[in-house]
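For reference, chains read A, B, C, D, E and F in written order, and residue numbers begin at 1 within each chain.
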Amino acid sequence: MSHILNFGIPKGSLENATVDLFKKAGWQISISSRSYFPGVDDAEMNCKLIRPQEMGRYVERATIDAGIAGRDWVRENEADVVEVCEMVYSKVSRRPARWVLVVNGDSAVKGPEDLRGATISTELVGFTKRYFAERNIPVNVEFSWGATEAKVVDGLCDAIVEVTETGSTIKANGLRIVCELMESVPVLLANRASWADPWKREKIEQIATLLKSSLAAEGMVGLKMNAPADKVELITRMLPSLKTPTVSHLYNSDWLSIESILSEKEVRQIVPELIKLGAQGIIEYPLNKII
Amino acid sequence: MSHILNFGIPKGSLENATVDLFKKAGWQISISSRSYFPGVDDAEMNCKLIRPQEMGRYVERATIDAGIAGRDWVRENEADVVEVCEMVYSKVSRRPARWVLVVNGDSAVKGPEDLRGATISTELVGFTKRYFAERNIPVNVEFSWGATEAKVVDGLCDAIVEVTETGSTIKANGLRIVCELMESVPVLLANRASWADPWKREKIEQIATLLKSSLAAEGMVGLKMNAPADKVELITRMLPSLKTPTVSHLYNSDWLSIESILSEKEVRQIVPELIKLGAQGIIEYPLNKII
Amino acid sequence: MSHILNFGIPKGSLENATVDLFKKAGWQISISSRSYFPGVDDAEMNCKLIRPQEMGRYVERATIDAGIAGRDWVRENEADVVEVCEMVYSKVSRRPARWVLVVNGDSAVKGPEDLRGATISTELVGFTKRYFAERNIPVNVEFSWGATEAKVVDGLCDAIVEVTETGSTIKANGLRIVCELMESVPVLLANRASWADPWKREKIEQIATLLKSSLAAEGMVGLKMNAPADKVELITRMLPSLKTPTVSHLYNSDWLSIESILSEKEVRQIVPELIKLGAQGIIEYPLNKII
Amino acid sequence: MSHILNFGIPKGSLENATVDLFKKAGWQISISSRSYFPGVDDAEMNCKLIRPQEMGRYVERATIDAGIAGRDWVRENEADVVEVCEMVYSKVSRRPARWVLVVNGDSAVKGPEDLRGATISTELVGFTKRYFAERNIPVNVEFSWGATEAKVVDGLCDAIVEVTETGSTIKANGLRIVCELMESVPVLLANRASWADPWKREKIEQIATLLKSSLAAEGMVGLKMNAPADKVELITRMLPSLKTPTVSHLYNSDWLSIESILSEKEVRQIVPELIKLGAQGIIEYPLNKII
Amino acid sequence: MSHILNFGIPKGSLENATVDLFKKAGWQISISSRSYFPGVDDAEMNCKLIRPQEMGRYVERATIDAGIAGRDWVRENEADVVEVCEMVYSKVSRRPARWVLVVNGDSAVKGPEDLRGATISTELVGFTKRYFAERNIPVNVEFSWGATEAKVVDGLCDAIVEVTETGSTIKANGLRIVCELMESVPVLLANRASWADPWKREKIEQIATLLKSSLAAEGMVGLKMNAPADKVELITRMLPSLKTPTVSHLYNSDWLSIESILSEKEVRQIVPELIKLGAQGIIEYPLNKII
Amino acid sequence: MSHILNFGIPKGSLENATVDLFKKAGWQISISSRSYFPGVDDAEMNCKLIRPQEMGRYVERATIDAGIAGRDWVRENEADVVEVCEMVYSKVSRRPARWVLVVNGDSAVKGPEDLRGATISTELVGFTKRYFAERNIPVNVEFSWGATEAKVVDGLCDAIVEVTETGSTIKANGLRIVCELMESVPVLLANRASWADPWKREKIEQIATLLKSSLAAEGMVGLKMNAPADKVELITRMLPSLKTPTVSHLYNSDWLSIESILSEKEVRQIVPELIKLGAQGIIEYPLNKII
């Protein structure tokens, strides 16, 4: 019997970023607007588009072996799954999602304990109920079908639990964050039985390694230069120590070739110094992956 | 104290049609993308944008006095409210929404009774549970966060309960409708206490009358012509009998002016006949309302 | 057997204008991007979307009973059909299409006779060949798949025969119009046998009457005013004589109500005069059809 | 010699609204993206698209006889022209433009007098200089090429004079309005010599009358109904007194036809009363102009 | 006299892909929406935008020396040209175009021989006539101006010959593919005399080499790593054998640097193995061309 | 005190190109549509968006230390600043902006001297006045608010001074270029005092070095190949002499690895030669910077 890994791609806000990341990692996933079944150029994988809210449910039931979703929804559903690793999609442009407790700007509420007996509207009903129960604060939590901010602005409820990255929408509506309840990043989940199966575990780990090596290359570049032998030590000492630079002889010459991996920010700092030290033929080239 | 009626505009698929209908009825409702509080040019009204799924809840609690939403969500929430009247938005372009039980095209299921023990995915969990409970068919109903058709295509559940107008998306996915569970049209809802308040009831009835008179004018036109006195009876007999035509004398002449309200379809049938009978100066003009 | 008229709607540049005209005339034609078969709310009609270039061919063969297309393509194809009437879609915004002979801006060609032996590129091969043959000018006419202007700019041919409304694209490419070969307006065509069938002829004439009455109302409005009895003759004498104004008594008053149909251009001329003559309560209202 | 009136259409924010208004008034103005010379269907008029900032200049010089522009720019340029009338484009959706003096939100400035010696950035240099000179407040006014708000935010100047309708952009940038310097509405301007020429003046007045009658019809409708003779007085007394309703006899009947002009808001108030009084066959129809 | 090669870029569906491919190969072709003459940064080339349907004609006549078009249109026109090479634009996203014989879904036709005496509509008239003539099947082939599927759906013909990549539009219209008549890929064509001219032939071969080396780099990447001398043989043995890896000494060390060219799919397979074998500092970088 | 350099980003047509260039150079500048203050990931810099027309003014005044703008506006404003270097944004797609003197196509004007006494409309008033004053040609220069071409078409002035890259808009309006007055490229400007401050000067030079190294990499690529030792000299002699190629030994082999930096144009010339000389494993890879 041939081996197949069923993998869940998160539908919605993480969808395009996930497809892009797989592309960098070496897999072409093609999503058609006419089908719910993305194609993938790997005979060992089947992909399915699944809402992040339902990902934990289907991984737990083994409908799929593994998938990517926000940790918030895994906790909301109390799904019994293996969390393989975090997927911090971008150091640069994306902050972690934060679920926060929010009230009107002019409310007197200072902390969760001031909401005793209040009505709280949220899409994250289960987590919110447990949060207040653990603190022995009786509240009435009700499910919101969206436009949650409007409900507290409009007096339809006393507080909301809502997700935000920067808080700017919340401020723009004249609301105030009381406190943060949970921070969430995307995670790679696996079914417990699939993780115990050697072939499936190796396949999941292969995917995790390649995805992470693509993330690691973000903002990183290769820098190459030539230098006279007597400057090599000075130059390599100045290069960031994380990765040892690769130094090799040049043909019929006492110059050497030096090559290193740096962040773009380090390059802009170090280039004026390298010029002063006598490096020549400095070039910068792009990277796909750092493993 | 001045009188105010709080009125809920349904957010989402009915939103634009509702604002257009109010405009034809004489109210300017202005929805800003930056605010959840539509403006309205009537000092006796406040408008709020509310999800249809939550409309019944807030009308029942008197958060708002009245609002428009699909009857499906009123029944899902078993909201204890007054249904003032139906709002059939368009005879021409819009069919009633139908909630249907749907299975894979190659499934052997013939009726609801064949789903004993099955898992059913739907956004309408409460209604679906009651529907099967009344028929003594034990099923497992679970909430779907969207893309419901994909779940049955993909084998994530055995059947779905989904809304459709024409059934074309369902067919395009290779699925089959087992039977219809409920047909739904938009309705105007009122809170029970608001309906008992004479001023609020009169205001709600004013709104209902004007909205319905705008809907009644859809596809209807005014037709005016002149005719010699001896042809008037023949002509008026041929005009549709619903509304008596208005006939009036012309000045210094034995001709009469005839004016009637017809549908556009009747106009295209009747015009060749009117010409044969000697009507002259036939013109057609548009209507805003028929009360 | 029930009667059905098959009617061809021209696909392409006249498509939307034709659907709009039918709508004003009382027929809802609905064109879906996924189907070539427009729906129509008349059980006696079937509609088909057909390229204007092919309309004559299919009407001649009785594939359809009647249809609308530019007269240019009817002549190109020498189709043996009945031309029921012209459909001048808009006096205001649309000019007749003109097929013109075009050369490079710096060409020495003054008239068709200077093109003896030349290569001419066009989409209208048949008509162009006949045009030059009738004048005994031997030329080589070849079919162009589009981007015809580019061919003469680029030296791929000596001249082109191309359609234009305003000539502006031609000028923008640095080309020059030598002369006009044909002017074309949309026409309503009928198959000869269909026209001989009494029921079909009556149906085609009904359609023609209603379409023309909608076109007739373009730019026309109703004007209503009240005037004292002794000014009525002066006022009515000033109103355009095409249509006799409708004058009627007012209740308990020696004033009269005057109502007439005018073009918007006449309104803007006549209103200052009417005010001087003492007319009051002047209003203008829109019209759908004038029959 | 034939008479021609050269008329300036304001390019930019008023452009579409002006073309729409002329269309309602009976003139088709067609603006092409490839030409600066709008066409117009009136042999007595030539139109030109002119920036509002330059309109006064060209009217004063008789390059054009008349035109429409905001009063702000007429005053800025101190153009020596005749202001024929105001054109309040819309009672409903458009507020007058206001030129306001604006400082940073945390500035200590309370009034213009606190800006002694300050640098002020604006597009309206002439008016601003005169404004401060009249109050004997020495300031340095400099021309801004746009993005004026940014200059004060950024400390490039001490204050700005900027145009706003609602003030929302100003608030969004953390700025504060000190006071209003001028309110501006569109005005119809004429050259002094053109206004003294009888033919040109009559033509300009014709245009003004028709434009204003189209504006007057905004939000207004015609209401028609039948009523028994003994109810006519009650009904007509209830109709708004601005325009006397038109009452006429019906043929072979003791009922009368009543017709009146009302605003849409009055219709929604009065319809319930009319029904109670026994009016029948009530219809509402749209209006183009009220003169 | 300076040498110039006239080259035809296919207008339409291949246009953007062709410009992108030339860009990867080192030529900047700039197409303006206002001109039919693309610019190119090579003094030895002139480019022209030409419809694929007309490419063969102009190459045969030496209007252009060479060009790219689908092989289908070369065969349709029986152009007497040299086919230099195929241009398989993308292994990943693009399938060859297939011309297929299509009938209504409910037709009884099983093969071409069942179409004896039938009318067939197509854009590819010449090829289709020859196809049936070679099989001694008399048919009536007529030219279709587009919307060919509609003709067979609508009964305007008995069958069509149409192009498709996936067959999905054909299925969506309820049609059925009888058989495939021709598969077509883009080809690089040359005029026979140009191919015989040494300079032109060398230029055309230069272009072919560079275009193909860009296509060869699609999906390929460079992989670099460091390894201890005793692991180099194990590692290089595991690398795909197509291209020998480049191995070089590192300075003052017994480690070696290994560099190889692989497909992205091979990378995702091989990386876990390389890690196990002790490779370090593994990086992946993008490639433009593989020659 | 921490060091900060205030840097001006040109708003408008150079804006995106400037942000892209900084990105290639290693700085992320983020421009929000809601703010005039771009963010930058360098604690030593503050960025401001400034109109090119005003850049010189603000650098001169030390509102900002340095910035990028077209040289035309620096000259228009006669700003007293240091011009650090030119920034030729793209050798390939962008031509220098040219300010030209333009008249109607049918004008008799042959040179600037024929415009004695004429009215000239332009956005570049200062420069234009000086240009004509230096030649002792009295003219009336007036400021144009835009749509400058239209003014000369329309007879509102005798000539214009306008900016163009290709002249195509000018030709399309039927206008003619009399002569060129100035050619302009973007320049990096610095305030005189900032340039005298050692830290600021070093920071400005760092920015200039990195921006220029990114521009230098445009159209350049890396080329790598392997060759037998006896061919290395022939091959390296053929490679462009600007940069010495890097040659290194291969492990356990008498082949060598050759690597060089070339333009894409050189690659397309040299590849056929390299193949003939026996180079193998030729690959081309992209570059970010050449320093």
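Just so we're on the same page, contacts are C-beta pairs under 8 Å (C-beta built on N, C-alpha and C of every residue); 3 or more make two chains touch, one makes a residue touch a chain.
Chain labels with UniProt names: A, B, C, D, E, F = ATP phosphoribosyltransferase.
What you see is a predicted model, and the numbers here were worked out from it, not measured in a lab.
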{"item": "Partner chains shared by chain C (ATP phosphoribosyltransferase) and chain D (ATP phosphoribosyltransferase) (touch criterion as defined above)", "value": "B"}
{"item": "Least step count from chain C (ATP phosphoribosyltransferase) to chain E (ATP phosphoribosyltransferase), where 1 means the two chains touch", "value": "1"}
{"item": "Chain whose mean Cα position lies farthest from chain D (ATP phosphoribosyltransferase)", "value": "E"}
{"item": "Interface residue identity across copies chain A (ATP phosphoribosyltransferase), chain F (ATP phosphoribosyltransferase) - same or different by half", "value": "different"}
{"item": "Greatest separation from chain A (ATP phosphoribosyltransferase) - chain, by CA centre", "value": "C"}
{"item": "Approximate Å spacing (C-alpha centroids) for the pair chain A (ATP phosphoribosyltransferase), chain C (ATP phosphoribosyltransferase)", "value": "60"}
{"item": "Rounded Å distance, chain B (ATP phosphoribosyltransferase) centre to chain D (ATP phosphoribosyltransferase) centre (Cα mean)", "value": "37"}
{"item": "Geometric centre distance via CA averages, chain F (ATP phosphoribosyltransferase)-chain C (ATP phosphoribosyltransferase), whole Å", "value": "52"}
{"item": "Chain D (ATP phosphoribosyltransferase) residues counted as touching two or more neighbouring chains", "value": "34, 248-249, 285-286"}
{"item": "Chains grouped in pairs wherever the two touch, ordered by label", "value": "A-B, A-E, A-F, B-C, B-D, C-D, C-E, D-F, E-F"}
{"item": "Chain D (ATP phosphoribosyltransferase) contact footprint on chain B (ATP phosphoribosyltransferase) (complex, rising order)", "value": "25-28, 41-42, 202, 205-206, 209-210, 213, 217, 222, 232, 243-244, 246-249, 256, 261, 285-291"}
{"item": "Residues on chain B (ATP phosphoribosyltransferase) engaged by chain C (ATP phosphoribosyltransferase) in the complex (per definition of touch)", "value": "92, 221, 226, 248-252, 257, 264-265, 267-268, 271-272, 274-275, 281-286"}
{"item": "In the complex, chain B (ATP phosphoribosyltransferase) residues that touch chain A (ATP phosphoribosyltransferase)", "value": "11, 34, 36-37, 48-49, 51, 53-54, 58, 63, 144-147, 149-150, 153-156, 172"}
